[in-house]
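I have a structure I would like to understand better, so I am pasting it below and will then ask my questions one at a time.
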Amino acid sequence: MEAVSKGKVGASEATAKLKHLPFEDIGFAKVDHHRALRQGYAEVVFGKGKTAGQVAEIVRAMVRKKASRQNILVTRADAKIYAAVKRVSGSARFHPVSGVITIERSKEITGKGMILVVSAGTSDIPVAEEALLTAQMMGNHAEHLYDVGVAGIHRLLEHRGMLTEARVIICIAGMEGALPSVVGGLVPVPVIAVPTSTGYGASFGGVTALLGMLNSCASNVTVVNIDNGFGAACVASCINRL
Amino acid sequence: MEAVSKGKVGASEATAKLKHLPFEDIGFAKVDHHRALRQGYAEVVFGKGKTAGQVAEIVRAMVRKKASRQNILVTRADAKIYAAVKRVSGSARFHPVSGVITIERSKEITGKGMILVVSAGTSDIPVAEEALLTAQMMGNHAEHLYDVGVAGIHRLLEHRGMLTEARVIICIAGMEGALPSVVGGLVPVPVIAVPTSTGYGASFGGVTALLGMLNSCASNVTVVNIDNGFGAACVASCINRL
Amino acid sequence: MEAVSKGKVGASEATAKLKHLPFEDIGFAKVDHHRALRQGYAEVVFGKGKTAGQVAEIVRAMVRKKASRQNILVTRADAKIYAAVKRVSGSARFHPVSGVITIERSKEITGKGMILVVSAGTSDIPVAEEALLTAQMMGNHAEHLYDVGVAGIHRLLEHRGMLTEARVIICIAGMEGALPSVVGGLVPVPVIAVPTSTGYGASFGGVTALLGMLNSCASNVTVVNIDNGFGAACVASCINRL
Amino acid sequence: MEAVSKGKVGASEATAKLKHLPFEDIGFAKVDHHRALRQGYAEVVFGKGKTAGQVAEIVRAMVRKKASRQNILVTRADAKIYAAVKRVSGSARFHPVSGVITIERSKEITGKGMILVVSAGTSDIPVAEEALLTAQMMGNHAEHLYDVGVAGIHRLLEHRGMLTEARVIICIAGMEGALPSVVGGLVPVPVIAVPTSTGYGASFGGVTALLGMLNSCASNVTVVNIDNGFGAACVASCINRL
Amino acid sequence: MEAVSKGKVGASEATAKLKHLPFEDIGFAKVDHHRALRQGYAEVVFGKGKTAGQVAEIVRAMVRKKASRQNILVTRADAKIYAAVKRVSGSARFHPVSGVITIERSKEITGKGMILVVSAGTSDIPVAEEALLTAQMMGNHAEHLYDVGVAGIHRLLEHRGMLTEARVIICIAGMEGALPSVVGGLVPVPVIAVPTSTGYGASFGGVTALLGMLNSCASNVTVVNIDNGFGAACVASCINRL
Amino acid sequence: MEAVSKGKVGASEATAKLKHLPFEDIGFAKVDHHRALRQGYAEVVFGKGKTAGQVAEIVRAMVRKKASRQNILVTRADAKIYAAVKRVSGSARFHPVSGVITIERSKEITGKGMILVVSAGTSDIPVAEEALLTAQMMGNHAEHLYDVGVAGIHRLLEHRGMLTEARVIICIAGMEGALPSVVGGLVPVPVIAVPTSTGYGASFGGVTALLGMLNSCASNVTVVNIDNGFGAACVASCINRL
Amino acid sequence: MEAVSKGKVGASEATAKLKHLPFEDIGFAKVDHHRALRQGYAEVVFGKGKTAGQVAEIVRAMVRKKASRQNILVTRADAKIYAAVKRVSGSARFHPVSGVITIERSKEITGKGMILVVSAGTSDIPVAEEALLTAQMMGNHAEHLYDVGVAGIHRLLEHRGMLTEARVIICIAGMEGALPSVVGGLVPVPVIAVPTSTGYGASFGGVTALLGMLNSCASNVTVVNIDNGFGAACVASCINRL
Amino acid sequence: MEAVSKGKVGASEATAKLKHLPFEDIGFAKVDHHRALRQGYAEVVFGKGKTAGQVAEIVRAMVRKKASRQNILVTRADAKIYAAVKRVSGSARFHPVSGVITIERSKEITGKGMILVVSAGTSDIPVAEEALLTAQMMGNHAEHLYDVGVAGIHRLLEHRGMLTEARVIICIAGMEGALPSVVGGLVPVPVIAVPTSTGYGASFGGVTALLGMLNSCASNVTVVNIDNGFGAACVASCINRL
């Protein structure tokens, strides 16, 4: 930009260059607008470990690109981060159960089918909501089915119809993490399993559920990190656009 | 001692008896005949970590007590141990799938109901057989239901009748160890869960199944050590005599 | 549905009933009244990971069914949850040591024998109390024996009489978790072992006690999750009704 | 079938039943022909933990259904198992690098795009081959790109074209398991990561690679169990049919 | 001692000196002025686990030695410690992102080349800053390159020039810790890898990154403890003086 | 019993007394006065996990036995517990660095030699002080040597004389826990190693130090639990009375 | 040095000798004769990880010093190592249960009291024998008490007399490792606990026993590495000479 | 190459291209000649997990480039691999202790100083030899100092002169892995620590040593993977050329 200001490079040339510059350097972060373009994703900020100021700064860089119609998503945020983001974009909405902030700039549905978010217990809902909102902000029709843990198998079987309507299933469970195995056996579509850190004692903050899911005897199950509802929805969305 | 104080048993006789009670010292082991009496168990030798000679010696001490009608069970044995035991007792039978040796001295059924051994996959059968034989040798009516893993839930539901007939269920699974949660939710009786060391990679020799079972969301499930079909049957038998 | 097809029950009536069966959907949770019926359990809410509002809502759905005589139990609750529950049911009582809330609607004893809760150290009492209250609310005669750790074996042997009177024993210990092995060797009845998260350093939040119990050399011992006094009492209760 | 042969059940009635019979019980296993139908998979036998005889028996049940055009796949097999299977089906082929046995009964391509199997090092090839053969036997066009580990990033970038042609990528790596993160960042399609047990010391039999993949900073990556090339290909195939 | 034997220094004087050497005992700590001399390091206090008073006391002992030109560094400090140190030395400066306090007494550059601090994500910056400041206080020319994680490999390749200018590289990453492998493959100089505790779930507080780095397939990579930016800079500095 | 045999105490009175011994039941705890007698220990209360009220109650039961000259020790206490204990016994003293409360009732030295407490770093001092005070309250002459970690081996060798004067050495270290190996090689007496939870990252709260000590190549080293300064002093004291 | 002071050995000769001491360099090993002198130990070779040739070479260096009356001990040896050692010293004896080789050169008892080796199960005997032989070769009166596991507490209490006669107790157990806690509570002397790698499943090769022992609620218990019977006997011997 | 054979590309043009081709594709591996050039390393093959044939094939590709003067190194080889390599290059030499094969094509010393390999015990020698040979084949003057573990600190201090002569130190130890901390404190140069998998029980195959080294209190210590003598020598060599 200094080159531009000194007249060495023409403005239009610079603009052209910027279009191809794969990332925008705002000091402590390199905002990767192209990834959103490349992958059809919403623009995303992972809030944890960043200050409210840093998050707001990154969101500002995203919002500034007015032409963009990409939705903006901040995950793992809290009230303080939301306050800072709200000052940058008035249309920001906070979802306190999951700590997600959404800035909706497009309602276009680009995913081909329905993404179903299935969860085992009441305490898995925060992760489930993160997955649900992410899937929706990435242009998918997404629904949910909560509290259908395997110890009451009839609750799950009761909703078998809903399961078979989904094109991709996100399956969220803590404790023994058995739900994806049962769901995976009931449907022919890919199941993304998300272990949650709910539970106590030998649940080891989600490790037991994670291991259970990695050992699932259903062969259409893959796994993401503990509590990673966002990641599951990214993959589901990426599959749903195929 | 009451008998002594009341003059029914002479002091020296008592002393002699006491010498052989409550355990018989054969050098490297103290054979606890009383435990069998006390707990109604068969007399049991854990074969692993003992030489064929040691096992045969212990069995000899058990067989020697002719009046006893307790069945004798050797677990974790192999062909070599069996050969040594066979020399001590001609009625010994070897079950190669589970490595169990049985010496049946009584066919009396003392357990009040049926013990059902349910297992998830073909490779869990060795542990299931150990449980089944142990339960039977301890005087129980015991049946089995194999290869009903949760990824094909219809296979399990097909046998729901059998599940409801059991007084105690032993539920054996490797990999994610989800079977006890589903079974536990279908029946009102106690379910003893046995993780098995089948599987690979992140099954960690049964640790994943163990952790899954300890975190079971069904509240009638308790757990024993990995591959401990014997222990599960002991507890089931002990419950079935109540 | 048979009743409907045979004309005994009108379609709209059936639809209404179905709404309440086999579980009642209150949005974030599916209250499973049937499990209580099916398994003879009290109706139970696991408080941890739920908001005070959610717990109260679930309790309200339970209390609403006036005909029911099932006791109601909320575990892992705190003063805030208690306040919310108290507003829903005036007869709720809070037990601060264990964080249990009880709503007693029946004093009927349905368990056949006595359930004894044995614990090793003073700091295991919260878990012991959770087990004791759960056993009692599920219709059992339950007693306790506290502070009888194995490093002072005479304290345990002093109470041998009490041990032999029990039909089922719940044995609670932290640190090395050795108590169930000793107790298991003294009685012929099932022993449900509960590791506790007391201790420090290499106790790893109860993992050491858990592993010790899983490796118990007493063959009438089974294990539940760390600090799971509730689960132990469920299983004990389920055995005690056999 | 005995009932049919004895005239008790009519042939058409039997056929109808078979269509809905969810599994065929051959004693130690319940062969689930329907899963193959339901999920479009090849019929699969997991060889590890089964005897050569058991595997051959299961394959025989599959081969017997002549009308079926499903390919048959045995994974984790060895020369001994192969010999037994060969006796049952002359068209069986053994792939010693991966231990896979294939019986090809159909060459139909049902997957919509190309599945690319990318692997990091020479010692990851056995797992890569298992994935490749599974994908092919399940009716997919599948290619491979070997030895493109991240410490020589130019080797991977050189093949960027191939990466962008794939509809689904299976990415196989041991040691630090970094390859899926780099590949995931280069493509907009789903990446199924497979950790391998290659490496030594702190690779802990694949655990390090597994953990690395679960923590991938690329958001289109999901993970399956260590060395589970088969599972990765199942999921990839299931996605590729959408 | 040579000086003494040659008569240049009196015995009592030597004894007095020895009392203060090679370390100065201030009760709860033995301040090792010699290590700084011996190793050319700045004088360093590790703040964590020490009270503000203790840190200030140790700094006072360092500052007291006026002749010394060694820079002083306090790591893992907070505002409270800074306040106490500030009272001891007015020239102390606090760097809140990393919790480092610096007291600059010399600007001499003794390192032969440039030390480059490369980090993967925004949340790795605190550790990166600790490394950067440490390297600078130890007399090195040090630069940084932030937010160049491997899932956007182009961001890193864009700065390849900077990488090749460095004499030693410190490479900081959390989550899967893959950055050092890629960087190591691009340069012929030593790469010191620092895992960070950023991430969540299966990142296990930096363990995953640590393991990934230990298994790096690039052979010019060594590793230090999680979050140990200070240690990495010490080693880098020690190499840069060779 | 001596009193009885000498006629000083009547048989029935003795029997009554024995009924209250070997432990006194104060409801939530069984105070074991006999252990102190049996083992020559001070009377001890482990404060962690007990309320201030419970600790004070136990101390009251100890203090009540006026004839006793046993010192009283409360470990893992805090200011709140101290306030409660102070009300029970005015002579109670609080040591805030280690959280120990001492009530000295005897200054008699019963240990035969000197117990030396050696520690590696400043942050190990709390554990070292717990060991020091415990050893002293149990009637030993005990000294300390702080901040002699192995990375400055000259600091340790400087004090070799002190090491050789000790009859038992307690050696306290965090991080890599190497000090006991070096100390053990320098002396012929038993070395009790205490790992501390100081450190960060891969120190895993003391596990690394613990493992290091268990693998010590010096053969006169044994180990106690992480941070267990009290336990180390108990064993040292018990050895020192031999 | 005594020889020097008495004029028997010239100063320069002594200096020369000292140059070759405190260890003798035989290429791949530095034989530390002084440690034996310094610590009163027998001379010891750890056989595992050394070739038969290397062990024999080290033993030859020990035997060569004819004046020495130190016993020689080789641990973790096998028949092959024994054959090689036998060629070097005809008086070598092999103990196959424990894999110990002994060369007795002195029968002097230097330990002040009796060392008792107590073990829990038959499969702990190899470790117990290693401890027993080591204690004896180091000049102690040592006895043993086998097969007294805690699940049959009467077997242990029966031998209480023997326990109270010991000056130091070595307590060996696998599985849950509870024996030292019970033994420690019965005696006032130091108890050295040795976990063994016997057991299966969740015994994790002795880790469970190790953790149990580290968390022992008896305060006179310290711990050595898994299966380290030798180390336990070293410490016991070192205590027994005090 | 097909293009060349078909005349489409001239031979010299092809040769030019090959010079810049960063790797040579031999099917199952991409031989990276450039890395050797780029990093000054010898050409290296990691033998483990490759068949004898594969290793020989890769070596053949290396030997074929006659102009090259790079030494060739095969690590983790065995007699079988050696036989295959020997057929490809007659000058290959096998070092059985470490399993290294060397093909020396240049004796040029390019490293600026001496690399010293220090190891703790006899059983660490295989790893030490791998490091030593690697350092030498990469053009360094390298020496070794064996069997100087910390429990006999005088053995190490005796050789302090040698330590101070080194420009880089590779420090190899198993068990508690304490050696690098002591060595690091004695020298001002970088110390590369290599944990070894020697030891037993709680050494966990080298994990304890690894953790100890990562927590070293000496600040000039970095760490490589367990048993990775090769990697340590690479880094040392890379530093030694600076």
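For reference, chains read A, B, C, D, E, F, G and H in written order, and residue numbers begin at 1 within each chain.
To be clear about the criterion, contacts are C-beta pairs under 8 Å (C-beta built on N, C-alpha and C of every residue); 3 or more make two chains touch, one makes a residue touch a chain.
All values derive from a computational prediction rather than experimental measurement.
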{"item": "Farthest chain relative to chain H (centres taken as mean CA coordinates)", "value": "C"}
{"item": "Pair joined by more contacting C-beta pairs (A-C or F-G)", "value": "F-G"}
{"item": "Rounded Å distance between chain A and chain B, as computed from the means of their C-alpha atoms", "value": "49"}
{"item": "Chain E and chain H, separation of their C-alpha mean positions in angstrom", "value": "28"}
{"item": "Chain E and chain F: spacing of chain centres that average the CA atoms, whole Å", "value": "37"}
{"item": "Computed distance of Cα centres, chain G from chain A, in Å", "value": "59"}
{"item": "Sequence positions of chain C contacting 2 or more other chains", "value": "35, 152, 185, 201-203, 207, 210, 214-215, 219, 225"}
{"item": "All chain pairs that touch each other", "value": "A-B, A-C, A-D, A-E, B-C, B-D, B-G, C-F, C-G, D-E, D-H, E-F, E-H, F-G, F-H, G-H"}
{"item": "Chain D - residues contacting chain A, complex", "value": "35, 38-41, 44, 112-113, 167-168, 185, 188-190, 192, 210, 214-215, 219-225, 230-232, 234-235, 238-239, 242"}
{"item": "Residues of chain F defined as touching chain H within the complex", "value": "120-121, 149-153, 157, 175-178, 181-182, 184-186, 199, 201-204, 207-209, 211-219"}
{"item": "Chain G contact footprint on chain B (complex, rising order)", "value": "22-23, 28-30, 32, 35, 48-50, 54, 195, 197, 205-207, 210, 225-228"}
{"item": "Chain C contact footprint on chain A (complex, rising order)", "value": "122-123, 125, 146-148, 152, 154-155, 198, 200-203"}
